[in-house]
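Some structures are shown below for you to check.
The following pair of complexes shares a single chain, chain A, combined with chain B in the former and chain C in the latter.
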Partner chain A sequence: MTLRRLLTTGNITFVAVLLLLLALPAFSTAFFMGFVMTQTLMLGLAAATIVFLSAYGGMVSLAQLLMFGIAGFAFGNAALEAGARGLSLGWPPWVAVAFALLFTTAVAFLLGALASRTTDIYFLMLTLVYGVIGYYVFAQVVPISGPGGVTRITPPPLLATGIRLYYAALVLSALAYVAFRLIGRTPFGLALQGVRDDPVRMASLGLNVPLHRTLAFTLAGFVAGLAGLLNVWWNGQIDPASISIGPTLVLLIIAVIGGISHFEGAWLGAFVYVAASNYLRELPLVDRIGITPDRFNTIIGAIVLIIMVLSPEGLMGTFENLRGRLRRFRPPPRGGSAAHQSSVDGSRPAGREPARTAENG
Partner chain B sequence: MISRDKHPRWLLLVSMLAVLALFAAACGGADEGPATPAEQEAADDDTDADGDEEGTPDAAGDQTVRLGILGQCEGPFGGFHEDTVAGVSLALANFAGAEVSSTTTALDGWSNAEVNGTPIELVGIGCGDDTPDTILGEVRQLVEQEDANVVIGPLSGDEGIAVAEYANANPDVTFLSGIAGSQEPTLEVQAPNYFRFHGDGAIWNAGMGDILHNEEGWDTVAVIADDYSFGHTSAAGFIADFCGVGGDVTTRVFPPLGTTDYSSFVQQLPDPDEVDGYFWVVGGTGTQAALEAFVNAKGDLTGDQHAGNLFFNPDLAQALGTDIAGAYVGGFASFPGDVQTPEIEEYLASADETWETLASGISGGEPGPPSAAAGFGFMYGYYAGGVALVEGLEETGGDPSPEPLQAALADLTVELPYGDVSLDENRSGIVDVALSQLVERDGEIVQETVAIIPEVDQTFGGTFSTDTPPPSRDFPPCEERELPWVGQAIPVEDGVPQR
Partner chain C sequence: MAAGTQIGRRAPDGAPSHQRSLREHLPRVAVWAVTALGVLWVLFLAEDTPAGPAVSNPGQFLVTVLDGVTFAGLLFVVASGFTLIFGLMRTVNMAHGSLFLLAGFIAIQVQQAMVGKTRNIAPDEVTLLDWLVPLLVGASIAAVLGIVIQQAFLKWNQGQELRQALITLAISVILADQMLRQFGGLALSMVWPGEVTQFFTIFGQRYALSRLFMLAVAVVVGVLLWLWLTRTRMGMVIRAGVDDEGMVRALGINVSLVFAVTFFVGAFLAGVGGVMGASFAGAATGADGNWLLNSLVVVIIGGLGSLKGAVAGSLLYGMVIAFSPGYLPSRYTYYSVILTFVLLALVLAVRPYGLFGRAT
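Take a look at the complex of A and B:
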């Protein structure tokens, strides 16, 4: 791949945003970095796994927050010393990290295998059931969840400060973003998109459709586990309510706000959600029009409703629409259509929702 | 045609404006503070994002109390959000010269509050939903974004544990518990800057087992309690008390907090002919639903076979009938309305003088008499925190710096209308507890105080300590033990304690 081919609008934008985020701590407050941006990156990373499964595999999963939570509980139980809540195994932090990721990935593999023969609404419902069962497992099996949550969780010393945790979240987010995009061009990713568009045809060609779905779910579980580790280091604790149905839906809402077929949308949706939950109340006079903290869920619900009705591709879809309008004023590139160009520079939606809907319909 | 575009321009504009507005709000008004709660031991050594040394405003000589209040505007106790802010506001109105900004809601805050020349400003009201994650986000916003140096709250048990853990990591901020009644914040977490000028769920049931076993003749009982830290603590207090005097708890059932259909949990309880009684620790929106499930599954509720903690109240009779008369009810931070002393009357009158109406939880969220809210424990717990803050500042000559203020609070005995409160070595309140009974008067069910258990502390006569596990589904076991208040209860007749 030549340098010229790498200099696409999408890649340049990605690098520019990455540089901006790297430099952001120099001119932002500690609260904004340590609370808003770290949370944004962390939730965006988890929501990106929903986008990955949806865009490449045609699987809208409600189990990603469960993977997020399993990793957090696993780390908390493994890393905390005796006397703390949970199993208090007292393992070295990085051993606990490895264990948490392995355990989460193994669970994701098992749950993915069980769900691999379902599609569409049945997959959604099955993963919802996973989420509910997971919540009750942690709520009822108190030796692994507290009781009342695993508290006093600290990150490994390498990530012991807020700014390092922010950079860890940034690096993991950037890696996940690039990896998810690249996977779309690998044989595995292309086969997965084929499964998304026509599983029967792919099976008749000899492809192991359930295995591909299982592996995709496993990979998504691993990445959600990374986000879960960031969460317990950032939050200092995790309890069963952290993975109840409310937060489960929040993760899906984040993906929908940003655009469920755009990887960038996961982080954009997370930023809008986190910023709205923290700063909406700060806007002048909003309380005079009834926008008070206790109505936050109503407001987010209204935002999602508007997006679903007017811009199903979310905020990223709206930006894509703007770019499309701008392109009309430019001459088409030599040797290819605008559509071809956008598919190369990585700016198109990660999935092809209309085609998928039509073919799977 | 533009008019038929799938994505209209105005949507694009609104979306971009919304994001920009949020970004602008995010960047404006933020002050430096600690970066994450995970940054615990290293907090003092860290530098902030700008590379500057972090420093508390008090260290810089700021003599202002920037007060944050942690309420609960959603979740099972979301109806009591107004009560929480009103409690603090009333304390400052009574003792710090505060003028409330509205006579119909406390949520608008106050002005002109000061103690020894030190102003007390309200920097924010946190909006919890009974979950630790949410309250952690809210307290971080108050402390790290709004620069609160004193926080009063939270309301509920699990929230209390999370906030106490946060307090442990932020020693420069002084925390006064709102009305969180779990045992762990003080007995287990033991944050030196977390003060609780009220009791806990176990304390509030002290003496109940003594009455039910020794006076009502109950030998066996089934307990049904919310499955979270306050439910565990409240049930633990009753179990320790009932078993301590020789009773036996045959069944313990723990439905999750927020359950709406209790039928499966009620089925786990023994039938009425298999136990002498039932003790209910189901609160918030679940109390009535749980009792109705019992009626459907096991038959009528009768006052001679049922008792409950603070959530058992006369209003239940509206749905369950007057047969509930006779049931005993555990204590709370305040006393039932039949107990009147000059101090209590003055306190309740001050609430009515401060506001015309309050949309409190006790009036179902509708405008009601402020004194009704003030007489209930949710508002009173926050009031106690506010009074303690004022008295602590008076002790320090108005200095809100963490070290002198926290030292002053630890040694305080706060004079409060429902009894003076001092703190134990873990900074948890040693309080008087009023036990009551639902009785029928002129066809209506009312609550009458039957006894006051004086000076109950969190250790429950040695039952609980830093070496014992926190209250849970299995702890404490049912064992006979010595309890300091057995035989010491002060009877109450016609609302007058017979001290």
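Take a look at the complex of A and C:
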């Protein structure tokens, strides 16, 4: 791969955004960094695992917030000293981090193996059931969730300040973004996309379809676990209610707002969601049209409804569509028609309508 | 509806059936072993549990079975609507729980208006009519809302399963928030008619007649549904549509009308279940999510789109819910929810598409 081939619009934009985010703490308020940007990166990282499973595997998972929560609970139980809520194992912070990630990955492997033979809408429902049962497990098994949640969790000393946590979230997000994109070109990623498009054909070519699905789910669980660790460090606590059905749907909504087959969309959706939840209540005119802060969910629901009705590919899909349309009016630059073609192809839903849909009826 | 379930089924892992090795038999053997162990445990071994082994405490065992069967009745009513809609249209209606809760809230309002009191309604003030009319009103409103949702949001994107699931999901978020605004966050409850609010004695245990009444309603609903699907022309078209929608369309049948009617009936069933649920356990914010989960568990166990599967799934899930609190060792009672998951895992290990389901 030569340097020249790396200079695509997408890559340049990525580096520019990354530099902007790296410099951002220098000229914005602590509130904005802590409550908007750190949360955006964290939720975006978790939502990116939904996008990963959906775009490459054709599996829309509602269990990613559960993985997020499991990692948080595992860290809280392992790291806190005696006397705190939860199991209070009192392990050194980095041992607790390793344990939390290993445990989350193991759970993801088991759940993924169980779900690996189901597809499409069945997978969506099964993972929703995972998510809700997982919530009940933490809500009912009090020794591991402490009565009313595990509180007073502190990050490892290395990440003790808010700004360091922001950079940790930024580095992890950037790594995950690049890694997810690169995986798409590895043999594993290509096989996974083959499974998405035609599992029967891939199986008859000798590929172990359930194994590929399981491994993809495991990897997604690991990354969601990373996001979950950031979340407990940022929040300082975790309670079962934070992984109940409402927040579970929120994570999917974030992925949907951004565009469920675009990795960038995960963070874009997270930004829109977090910004809306922080600032929508402060808009001057919202009271006039009968929208009070309590009705925040109605607004979020309406936004998702509108997005799904107009363009199921979310903001990124709409954006690419617009770009494609703009190019049509301009005289094509060198190789422009090819680029246009690919951008239209890119905006087509990946894995949205598998070939089998036609046979359903 | 489940006719020919075996024919269309194909294993996505594509393993040829004549090469069954020990490895492939393992899940089946494990499932039977766990099931046998469970039965053995409940019958003879369950010492140190709240209920005790069935041989030494048959009354408690019988009551638990009754609890399971009656709750399964409620599960069936709700889940049959869900599976009916999915079976014909491949639409996963994520707003099913919202329709359930909405019908419950509306029925409570209607009942309060009919009795003329808003609180502390005593069972003997409620006649059978004071229960049935709210049931019909609540369920009808849920059904009308269901058909509005179908006509406005689901008619034009038929076949895009994920998009439809997400649209109904967004609708359920909006409905949940609006119901919270309208009816508040406190639990309201519907009152069973006075005639059935009594207890009778069975094996030395008192048992509520209202639970059997709930089962009776569920059986009536189930029989009507079965008659409708097997004995009427519309039912015949629906069953044909489940198997081959394109062919039905080609024969000149107005499939859009059939879809609308099916969605109406499915939402109506959610509403009937919601009113029964509001009488059984009250209606409160959060019940919509719980009952969406319950419907999902039932249809995942039983197989999507199959009425038989809904019966089987309801019974299995109802039994697990009834037995797990009583028959786990007292120290571990709070692990009961995990048993739901074990049930799911056992079924999916041998039948990834549920007991009566088929791969699409």
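Quick note on the criterion: the second predicted complex is superposed on the first by the 329 of 361 C-alpha atoms of A that agree within 3 Å, B and C clash if a C-alpha of one lies under 4 Å from a C-alpha of the other, contacts with A are read in each partner's own complex, and residues count from 1 in each chain.
Definition applied: a residue touches a chain if its C-beta (ideal position, glycine included) is under 8 Å from a C-beta of that chain, and two chains touch if they have at least 3 such contacts.
This one's a predicted model, so the numbers in the text were calculated from it and none came from an experiment.
Steric overlap between chain B and chain C is present once the structures are superposed on chain A. Judged by the touch definition given at the top, the superposed model places A:7 against neither chain B nor chain C. Looking at the shared chain after the overlay, A:148 reaches chain B, while chain C stays out of its contact range.
Legend: residue contacts after superposition of the two complexes on their common chain; A:118 is shown touching chain C, with no touch to chain B.
Shared-chain residue A:23: touches no atom of chain B or chain C.
When both complexes are overlaid on chain A, the residue A:190 reaches neither chain B nor chain C. By the document's definition of touching, of the two partners only chain B reaches A:317; chain C does not. Legend: residue contacts after superposition of the two complexes on their common chain; A:163 is shown touching chain B, with no touch to chain C.
Taken together, the two structures place residues 142, 244, 294, 296-297 of chain A in contact with chain B in one case and with chain C in the other. If you check the complex, the residues on chain B that touch chain A are 6-8, 11-12, 15, 18-19, 21-23, 25-42, 46, 48-50, 54, 73-74, 78, 81, 125, 127, 131-133, 136-137, 140-141, 144-145, 158, 161-162, 165-166, 169, 182, 184, 227-229, 232, 256, 470, 472-473. Chain contact summary for the complex, chain C toward chain A: residues 10-14, 90, 92, 153, 159-163, 165-167, 169-174, 176-178, 181, 244-246, 249, 289, 292-293, 296-297, 299-300, 304, 334-338, 340-341, 344-345, 348-349, 352-353, 359-360.
Touching chain C in their complex are the following residues of chain A: 60, 114-115, 117-122, 124-126, 128-129, 132-133, 136-137, 140-142, 199-200, 203-204, 208-210, 244-246, 249, 252-253, 256, 294-298, 300-302, 304-305, 308-309, 312, 352-353, 356-357, 360-361. Every residue of chain A that touches chain B in the complex is listed here, in rising order: 25-36, 38, 139, 142, 147-149, 151-155, 160-163, 165-166, 233-237, 239, 241-242, 244, 247, 271-272, 275-280, 282-283, 292-294, 296-297, 306, 310-311, 315, 317-318, 321-322.
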